[in-house]
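Both of the next two complexes hold chain A, though its partner changes from chain B to chain C.
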Partner chain A sequence: MSRLPVAKTYKLFIGGAFPRSESGRVYDVTSPSGEFIANASKASRKDARDAVVAARAAVAKWSSATAYNRGQVMYRIAEMLEGRSAQFVDEIQKSTGASAKDATTEVNAAIDLLVWYAGWTDKYAQVVGGANPVAGPFFNLSVPEPSGVAFVIAPQGNATLIGLVAAIAPALVTGNTVVALSDESSPCAAMSFAEVIATSDVPGGVVNILTGSPAEIAPWMASHQDVNTVDLGGADAELALACERDAAETLKRVIRPGQFSSTTGSVDRIGAFVETKTVWHTKSLA
Partner chain B sequence: MSFLEYAPAPESTSILKLQKSYGLFINGEWVDGGDKSYTTISPSTEKPIAEIAHASAKDVDRAVSAARAAYDTVWSRMSGADRGKYLFRIARLIQERARELAVAETLDNGKPIRETRDVDIPLVAAWFFHYAGWADKLEWAGLGPNPKALGVAGQIIPWNFPLLMLAWKVAPALAAGNTVVLKPAETTPLTALLFADICQQAGLPDGVVNIIPGRGEVAGQALVEHPGVNKIAFTGSTAVGRSIARTIAGTEKKLTLELGGKGANIVFEDAAVDEAVEGIVRGIFFNQGHVCCAGSRLLVQENVHDEIVEKLTRRLGTLRLGDPLDKNTDIGAINSKEQLDRITALANTGESEGAERWTLDCEIPTNGFWFRPTVFTNVATSNTIAREEIFGPVLSVLTFRTAEEAITKANNTPYGLSAGIWTQNASRMLRVADELRAGVIWANTFNQFDPTSPFGGYKESGYGREGGRHGLTAYLSNGDAR
Partner chain C sequence: MSNSESDLARRAARLYYDDNKTQDEIGEILDITRWKVGRLLSLARESGIVSISISETATPSERATTGIIPTPRSVANGVTDAASLRGFLTNLPSVDAIGLEARAATLATRSIKNESKRAALDTIIRLVDLTTLEGADTPGKVKSLVAKALVPDASDPTTPRVAAVCVYPDMVEHAVRALGTSIGDGETGISVASVATAFPSGRSSIDIKLADTRFAVDQGATEIDMVIDRGAFLSGDLETVFNQIVLVREACNRADGSHAHLKVILETGELRTYDNIKRASWLAILAGADFIKTSTGKVQPAATLPTTVLMLEVVRDWFHLTGERIGVKPAGGIRQSKDAIRYLVAVAEVAGEEWLTPHLFRFGASSLLNDVLLQRQKMTTGRYSGPDYVTVD
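Entry: the complex of A and B
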């Protein structure tokens, strides 16, 4: 006799908790053949703003954690993902119609990408920063610091898991916190990834994941006064243009569509979420 | 004669061989401008210096085409070593013509000759010398083994450090292999035009550097909008920076912005008081306060407030305001009538909002644009003069009790360009430096600049860095490196 499975309710991930959308809205997630998979929460403007509040509150703790600690936590995310890879393969297959082989390749690549970025946390500052040989009796040092709160849009309609990981991880390396909007059409893997985050010692609010419509949510984030960086990698050209214009009002750092690969790691992508701080100090024997 | 009185010691302007009028410098030639020409005046006397052609949108197009052709046919094909040699030549020519450039800058800008001679022009030469050496070492810039120039850079610079801002823009752009179209500020085009002459003396290939004075809303706008420009670099107001960011949205253009600031200069009770006072003066009265990274908000620990303010105002009493060409002058002229009006209005707002105003008791010349060094005490964080960039010799003094309060107040601004810390406690200095959200932090010093030291802001002070390896990467792409 076959067992009746227990279906999962997919909710949002804000401040370390899994609330439903405050709007009460959901949307159908279907397979490519139109078969119902699940109801996903359709995040509202209010949910997105709540996520920014949670992300801002988490900046102090995450950015002041030691680089070694951030590296261990990010490696922990990879460990947890590895342990649940079968679930992700299944979700990717169901929602995108990918073959088991392709879905496995994607999950493995996402795990390896997290390991790669985890290793950068305590090396990046040394590689891009350092002492500047100024012409005077000064100690002068440049260091990279996180810009603050990042809003990232995962690729839409492809790379559902790895695209999300590739958008979130580079921001985390230097201590940014993230509000991520998943692939709208296949949000299940994204919300399961939120469960991975929630069990990886990532402090609440450091990563927040929303499901819903980029066209509805992204403009609010692009104009939000408390967001420092927007990654428009998953936005279409029309939405990206509108968001880049909105982002200009508060001079946000903007990542344009196509600027980075949606499936591989990039040192420059870490740099897109970073400010360089230069400190001068006088030297003397007095 | 009291110890404060000095015999006049004016620098001679005879070293200048200025023309009555200047055209645009496009493709190695001087050409007429299509927009209405403009008479640049000396802000200390209001006397005309020269008639300056202004570029129209059509001229901008011509300059961009020249820069593109120079990029395609000459500059992108030249070895890095040879590009570097041109930059070394330029650095040397600037050193050789330093006095002439200092006089021209002081005449056109109104800043004291002491500053142009000892700060601006030496730094200009240092900037070119530094980046000259980068030109054949780009694979070490951190962008992988095969970094590529971006192409044509459109550069728009302000009037507060005219030639120095040109150097910050042009030197890294050329070293990285780009060609440039540069628009100097409307009120200070003179040294950029002399720089065009230096390019000719250096034998720089035609079209590699194009200088097009003009109005922001005409030439500047056309340059930002031009589809043939690959990179925009702008230093100026946050309002214009926003508009540029909006304009280039949806294009492939790269952008770096150095915008406004409202820098906090934090003085702790254990600071070396005399040095701190010198640093406060340097922070806000250097260059008449026309400095985006000025320490315009003084945050003083409450228990030393009275002592610091007393010593500060006494020190300000020894500053000499007057003829910028006089070698004894500390405070020169405000750059323009427009800026003087803005400073005056903001200072009046400070008074009407309840802050206590102290003004240096000194004579000011009859002609020209002048503003007496001004200090406001009893300033609240909500006051206009504690929030808005004044860009003039006006200091707002606030107090704090704990380091945490100082950090909170310092960071309570949409800007994030500079900050200062004065304390003898190194641990506290490093911790406070960590917490400040600003791109340049000066500890027990202020307003230091060096070509090897990255400069630029957080938040609404802009993005990107100028100076050093960081500044070089703003003009490169990484090819396909990951």
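Entry: the complex of A and C
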């Protein structure tokens, strides 16, 4: 007797759980040649709002974890991804039509990128922070602190996995929490990446991944008063302009489309998610 | 009377009244004559060193243990003694638990459109008893609570005020002072509610519970939230529960004939069954409650929608029976606007829309208000708001 295959319905990843969209909507994910691959949840603005609430609640714990611990957790994500790389290669091939060689290269690059960023967790503050020279008997120290909740749009239409990793990882390095919107047309790898995160000791809510339309979700996130940074890397020019305008209302940090490479790491990209805190401290009470 | 003589009179009085010595014995101890002792004792009474009072009526503890103290409400319903109280409560039809929960679940699915949501959010604010009941409460915290009650959202002057602030008895004076002329009955101004009667457990003597209540009323509390004796209720001692409510209601009386409104907390989480909650609701109403309240907020589960629906049914039935409206206050665990709106739907559907006033319905809540304000800001600005834009409580 032939076996009926169990097809996977891709859900959202919010607060460490995998709920369906609050709206109940799904959309078809198809291959470049038009074949049906899977159903994915189409996130609504309320799902995005819930994700921000979960991300906000997770900031205290993640940002106060030691840099060393954050590095270990991020390295763990890389380990888990390595162990499941075959699944990701398969999903990337199906949804983008890439060759096995290209898909393998992308997955390996994503793993290496996570390891690279994991290494930065306990080094970043040494590079950009410092003891400032001041004319008085004071220590004057500048330290980078996470800005809080980041909303990132993964690149659309290419780099489906590595683009997402390149957008999420730099925010995690310094202790931000993330609401990420995946590549709309090929969300499968992104939601499988959510499963990797869910099994990597990343506290619930630190990474939240949504699938759906950037044009529908992004404006709500850009104007959301509880989001501190928006990465518009995956938005088209018109949407990015509108979002940047909305984001200005609450003085958000903004990453513009094309500002950073979607396949390689950058120390500056870590810096897009931090605020510098400078403190004065007496050298001695004597 | 010289100082030495009054000292002597005081010593003689102690020996006579406290130690039960005879006048002869006292004379020997103090080395004076028996007649001198007699003179000192009468001197002690005349000068006020000793005062004797004879109670004309039974003490609260006596009254609380001899049958039930009938109230106008109980008498009108034929409840005049312990047996008739028991009979009345056991004859109440029992609750269909599955039906009740299904009804509550149906009410919770009601969809509220945007225009109605705006009105609902404002109504919720008007019905909130803004509460702080922590061991760590300070006058400063109560002052900031009152400031928030007066101006819930400084960025939007159209935001209504809350109905009341709810605090511990020793914080009442600070709440009253901070409110100044803004004090009122929930409609005309902000009311000051105080928990009393050894809140939250209620485990103390009736005399202490009454003293606790009188203290809060004297400090200026306009509403008293008392707890029933759950231990007595669960062990079947309904008279004690009933009498304690009657006595606390009397203790709410002020010298000018008015009284602080009495909310009776059933602590439904400890009563275990819907039948018990229903009986406790009726008992509290018969004993003179102005409001019946679900919980202290210190026990899980606190307020739930089915429990509140049940209590609303009781006050609806009481209204049909007597034409008198009793208030309901769910408290504890209602943190989101979405949940609070479900309660509003339940009130309107079960008891009636007339109940949606501060005199007849309240939310006991602390974090609910912030969530309502966030939703309100979202409706006004069209942008999602965040916890940075409301006060930290």
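Convention: the second predicted complex is superposed on the first by the 282 of 286 C-alpha atoms of A that agree within 3 Å, B and C clash if a C-alpha of one lies under 4 Å from a C-alpha of the other, contacts with A are read in each partner's own complex, and residues count from 1 in each chain.
Please note the rule applied: a residue touches a chain if its C-beta (ideal position, glycine included) is under 8 Å from a C-beta of that chain, and two chains touch if they have at least 3 such contacts.
Small disclaimer: the values here were computed from a predicted structure and weren't measured.
Visitor: Put the two structures on top of each other at chain A: do chain B and chain C fit, or clash?
Guide: fit
Visitor: Between chain B and chain C, whom does A:Ser223 touch in the aligned arrangement: first, second, both, or neither?
Guide: In the superposition, A:Ser223 touches chain C alone.
Visitor: With both complexes overlaid on chain A, does A:Gly136 touch chain B (first), chain C (second), both or neither?
Guide: After superposing on A, A:Gly136 lies in contact with chain B but is clear of chain C.
Visitor: Could you tell me if A:Asp268 is touching chain B, chain C, both of them or neither one (first, second, both, neither)?
Guide: In the superposition, A:Asp268 touches chain B alone.
Visitor: Figure out whether A:Arg49 sits in contact with chain B (first) or chain C (second), or with both, or with neither.
Guide: second
Visitor: Quick one: the Cα-centre angle at chain A between chain B and chain C, nearest 10 degrees, please.
Guide: Placing chain A at the corner, the angle measures out to 80 degrees.
Visitor: Could you look at A:Leu241 and tell me whether it touches chain B, chain C, both or neither (first, second, both, neither)?
Guide: first
Visitor: For A:Ala17, select first, second, both or neither according to whether it touches chain B, chain C, the two together, or no partner.
Guide: In the superposition, A:Ala17 touches no partner, neither chain B nor chain C.
Visitor: Under the stated touch criterion, name the partner, chain B or chain C, that contacts more residues in chain A.
Guide: When the residues of chain A touched by each partner are counted, B comes out ahead.
Visitor: Compute the least Cα distance separating chain B from chain C in the superposition and give it as a whole number of Å.
Guide: Nearest C-alpha pair, chain B versus chain C: 6 Å apart.
Visitor: Please identify the positions on chain A that touch both chain B and chain C, taking each partner from its own complex.
Guide: After superposing on chain A, chain A residues 249 contact both chain B and chain C.
Visitor: Note which residues of chain A are touching chain C in the complex, please.
Guide: So the residues of chain A in touch with chain C come to 49, 52, 56, 220, 223-227, 246, 249.
Visitor: So in the complex, which bits of chain C are touching chain A?
Guide: Contacts found on chain C: 382-389.
Visitor: Help me check something: in the complex, which residues belonging to chain A touch chain B?
Guide: That would be residues 127-128, 132-136, 138, 140, 142, 147, 228, 237, 240-241, 244-245, 247-251, 253-254, 261, 264-268, 275-282 of chain A.
Visitor: Any idea which chain B residues touch chain A in the complex?
Guide: Against chain A, the touching part of chain B is residues 126, 142-143, 238, 241-243, 245-246, 249-250, 257, 259, 414, 416, 429, 433, 438-445, 448, 450, 452-456, 458-460, 462-463, 465, 468, 470, 478, 482.
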